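Each of the two complexes below includes chain A, the first together with chain B, the second together with chain C.
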Partner chain A sequence: MAQARLGRMKAENRKSFYIFLAPWIIGFLIFSLLPIGWGLVTSLTNRMAFSVKWKFNGLANYREVLTNPEVLYGFMITFVYALLHTTLAIVTGLLIALLLERRVPGRGIFRTILYFPYMLPLVAVGWIFKVFLDRDTGFLNEVLVKLGMLKEPIAWLQMFPLQSILALAFWQAGWSLVIFLGGLATIPDELYEVATIDGARYGRRLRHITMPLLSPFIFFQFVASMIYAMQTFIQPYIMSPKPRRGENLFMETPPRETFFVMAQAYQQVITAHKFAYGIAMLWTLFVVILVITVIFIRLGGFVVYTEVEEKR
Partner chain B sequence: MPMHQSQRLRLVTAGKLVVLILLVAIFFLPLVSMLITSLKTMEELFKIPPVVFPRVAQWGNYATAWTMVRFGHFLINSLIISFFYTFPCILGSCFAGYAFSRFHVREKNGIFMVVLSTLMIPQMVTIIPMYIIVSKIGLADKMWLWLLFGISGTPFLIFLFRQYFSTIPVSFEESARLDGAGRFRIFFAIMFPLVQTAVIVAGIFAFQWSWADYLQPVLFLKGEKVTLAVKLAIGYTDQKENVLHNIGMAGLLYYTLPIIIIFFGLQRRFIAGLLSGGLKG
Partner chain C sequence: MRAARTALVFALLLLVAAGIFGQKKTVTFMCIEADLPKNFVDKFNADNPDINLVRTEEDWTKWTADAMAGSASDLIRMGIGSDTAYYSKRGLLYDMTSMLKSSKVVKFDDIDKAANSSYEYDGKDFGKGAWYGLVKDFNNIGALTYNKEMFKAAGIAPLSETKPITYYNDLFNLAKKLTVKDSAGKVTVWGYDVDSTWVQFLVTDMATASNLSFYGDAKRSVLNNDPKMRELWKYFPQFPVADISSNIRNPNSGWEGSAFQSDRIAIAQLGYWFGAQLQANKGYNEKYGWAPTPIMKAGSPRVTNNLGGATGIVMYAKTKVPKEAFRVFEWYMGGAYGIERARTGWGIPPLVSLRKLLPEDNAYNKSRKLIAFDDAKYFKDYQANPYTNWQPFQTAYSKHIDDLVKGTINADAFVDAFYADVNDALKTGREELGE
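Let's turn to the complex of A and B:
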């Protein structure tokens, strides 16, 4: 009797679970699994945009990806950029979070203003910085020259293409900031009080309380930000120092230093119509991201502080 | 001589304030640049030696920015796809978060791992094949596609809703269930109103994502149907294909205005909602 009721409840539970999960399942099947599967199959062919006939050619596309020096350079520079982007965003976010940690007057206002640039669309942010850093018309040069800090305007975008895009990571550190503020809020005040009574100064409290307890958040943010930054795509096009021709943003490729994998793949698929090859490039990046994530999660075990051993 | 405790504290606070104000000043610079550039003439922008402020503020640039690209038309496109995306995205995330927080089935944790692992899939890995498939079956250039793009929600928002639902006592639903209410009644009448803050956070994020998104509109929409993000990414140019930075900045200000209004209008509940729900747990 009770057994039957329990069974019915379990079935009812399962039904509810899948009913509420249905939109996610449908979306996942159509917009994730289907294109991933189709893309994987396509990457093993010689398919072009308008080709009617195509055939499987095994791993030929992947071989081409892995032997083309420009593509490999793209992978290298993408990784370097992602690492710098992540470090910059985390250091900036952490610094601001620590500054806002305790009783600071105007805490809410500072938090809002410093978080705000993160909410701006990337297209807008790219243009704001392109115009800000422009050699002839840029506000930065005008101010620096006016103040006498520069004799001649500097062509920031031409000379420092990678750093120019990194400036966005600094400006848009708001996401890290919120994650770290949330993390700081989870640290009980008593810990600090006890430590202060014991005579621990700020530096020691930071090293022995704040950083260990914040480390899971920093680690999470590190992995998430790496995955995100490896997919940088539109900023190098918008901030490209090359003169723009016509209405097409993709006519000119960005300079070599910022021609990231996403942009290269997009060029192959959309501009050169090499579907299979471009998708193979995307898949290679996908695998690289997976490998990097797994490595980080493995390494994470060493750097992240945990109070209790996880039950296995 | 050792300083007094409270004196020291005041000094530290003052130091923090100085650094914070400096940071705010640096963070404001690009925005100030946007505003000032939008008010200059092209001659002033190229002047040597450079001028920092315009002699006369060129408010006319704002009128030009609006008419030059038929801003209103593309604004409506952007609004349509953003609203099309936002509502299913809130509902899909909310449903999934509810499922994960309330109904215990054996495979739940496994499925939740799948949800989280979708974070690792680069956007283009799914969107480029999707674009090819969609244009093959003749569905390109359809704005209603955005109604579907949102239905599976996003991993982050699913996580957020799961956290919020987990804080609500189960007894709320149990009494309703004993009264004979169905699962959707329980959800919409009792649970959904209780996670209002998360709904606001989700709504702002979903709107911001679709408003800012470049890749999907540039691939799935053409010509007259593209959004502001696509239109403005090219920038404003004159007949000789010179890029007009002043007009461009004015146009961008229009483009970012809805985000600014929504963000500063709801920021209190938004940031508080993010901090209280999403991150603990």
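Let's turn to the complex of A and C:
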């Protein structure tokens, strides 16, 4: 009798669980899974934006993606950008976190000030940097010329488009900063005390205590940041050096060095109207990101310190 | 009881019907605010209580996505008239012929057929067939605007208002003399500059004047590899290569209109409408001069165009409110707002009767109007094709010009790369139409 009652209670609990989860599941099915599936099926056709008729053409779009030199270059440059952006953001965040870890007056204010740039919308930051790096009116050139470090202003956006976008990584280090501050707070002080007593200086403590115990946080940020950076879209358009009239942001394609995969896919779907082909590019990007993530997770096992021995 | 229930149901049905039939019909109009200011929208709504006119910000990404979903804006501002070929072939534009012919606001005989020809398309040629819209106003986009002070400083006489200069080689030589560099070699004033969008519309004039076609076949499905046609595509790139126009080495961070207004460019090639923008500058009347669209070389015929058919308004094929949308269209073209627009001098109205309203209050406005009407006599259709809109030409030009300026490719390689990209777009278009 008691068991039957227990069984009924468990059934009730399961029912409640699914009822509460149902809105999310329905939403996910309708607004995420269905469109994703539809996109996958469409990528296997020759459909254009306004096709009069289209047909199933198998993996032809994917073959074109994987053999088009411009697209392959786009994947390569996207990967390079993602790697450099991630590294810069993490290193900057870590350095600032290590500085802020010290108990100095005004530490809280500094944390807020240094986190603040991350709170600004990406579009606003892009515009700020576009003006900052402008050859004729940019603050950077003005300062460098006045300091005598440059003889004449440099057209940063034109001559160094990839590096110009990478500069945004410094402003986006706020996310890393917050995570590292949290990570540093988990490291017991006793470890540092013992190491100090044993004569370890700051460098050795950093190398043998801080970095190993922070490695899971570094690893998490690396993977998450790579996934995010591989999907960069708007920054190349905002910081494009091509002249632009009014708010017509997408009329000109970014320079080759910053024509990342997302922008190329957008251009194929919306401008070139190669609908199915553009979706095939996005699916290819998804697979590439998945493969990179899996590789990093596998490699992570060798470099990430965990306190729990894994059962073999 | 039963009678009361029946009466209640009947009353409810009446309420619903009143709700449905008494509702305003909403007409969405996608355009920039400058082309339909809020006060005019409010006035239209006040004067037409059965229509709710709503302006949505022009966004061709959104319109493309909406059209793919079957629910685009009812009316849309079409930047380049010859795109009518592209969109009508894909069943996206509403045939307004019968509405235009029976309209009492936009009199059909009052429409300048030559200026509006790009909005009349029979599937093969402009100027024939169904009407898909009208220009909102048009311009002679090849007309030159120049800074008289810069000309004087360079010791160059003002340009004639009646006799055009030549592309080969007056324009290049003038622009070279007018270009100013500082001691470090940085350009402080470009002699001439042109928007990458404009290039194809100027080359079309040069091609038509030379009896050449952009295309290598009658269907217009592939670019013409004739060496003479290829030479025409090399004309405008020589300006940035020679540092006479902005380029990757000497960039202009804005667009050439604002650079001209800021005294960074000596000659701009934008057209009649630009004159209205320049009136924001103090002393514009004395400072700026106008000249007609250049000709190819001495003795060449004059050929001009209105930016591939000019900016106009078209209706979405699947609009649910065609009658109401057409009333907005009529008001926009020939009604209160059409009249107001003609007075501003931002372009030449599509209706002949409104042209007397164009400003002529000073020598500057008289000059640009005179040149616009003179150039208009020589309008020829832009060499459009039904497979692409204007964008692939502009994208391809813009994509490869930096390599040419940097010297990593030469002019022939530039044309090869340009051709490859545009031909690819033409091929895509043919596939889209199932050809």
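The definition used in the following text is that the second predicted complex is superposed on the first by the 301 of 312 C-alpha atoms of A that agree within 3 Å, B and C clash if a C-alpha of one lies under 4 Å from a C-alpha of the other, contacts with A are read in each partner's own complex, and residues count from 1 in each chain.
What we mean here is this: contacts are C-beta pairs under 8 Å (C-beta built on N, C-alpha and C of every residue); 3 or more make two chains touch, one makes a residue touch a chain.
Fair warning: this is a prediction, and the values are worked out from it, not measured in the lab.
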Contact breadth on chain A, by residue count: chain C or chain B: B
Touched partner set for A:Lys146, first chain B, second chain C, both or neither: first
Contacts of A:Arg63 with chain B and chain C, given as first, second, both or neither: neither
Which superposed partner A:Thr137 touches (first chain B, second chain C, both, neither): both
Which of chain B and chain C A:Met159 touches, first, second, both or neither: second
First, second, both or neither for A:Arg204, with chain B first and chain C second: neither
Partner chain(s) touched by A:Arg8 [first = chain B, second = chain C, both, neither]: neither
Contacts of A:Tyr115 with chain B and chain C, given as first, second, both or neither: first
On chain A, positions contacted by chain B and by chain C: 134, 136-137, 153, 244-246, 270, 275
Of chain A, residues touching chain B in the complex: 13-14, 16-28, 30-32, 34-36, 38-39, 42, 96, 99-100, 103-106, 108, 110-117, 119-124, 126-129, 131-132, 134, 136-143, 145-146, 153, 171, 178-179, 181-183, 185-186, 217, 224, 227, 230-231, 233-234, 237-238, 244-249, 262, 265-266, 269-270, 275, 278-279, 282-283, 285-286, 289-290, 293
List of chain A residues in touch with chain C within their complex: 46, 48-53, 134-137, 151-153, 155, 157-159, 241-246, 250-253, 255-256, 267, 270-275
Of all residues in chain C, those that touch chain A in their complex: 32, 60-61, 64-65, 67-68, 90-92, 184-186, 195-197, 246, 248-257, 391-392, 394-395, 398-399, 402, 425, 428, 431-434
Chain B residues within the chain A interface of the complex: 13, 16-17, 19-20, 23-24, 27-34, 36-37, 45-46, 49-52, 88, 91-92, 95-96, 98-100, 102-105, 108, 111, 114-115, 118-130, 132-133, 148-153, 158, 183, 187, 208, 211-212, 214-215, 219, 229, 232-235, 237, 241, 243, 245, 248-249, 252, 255-256, 259, 263-264, 267-268, 271, 274-275, 278-280
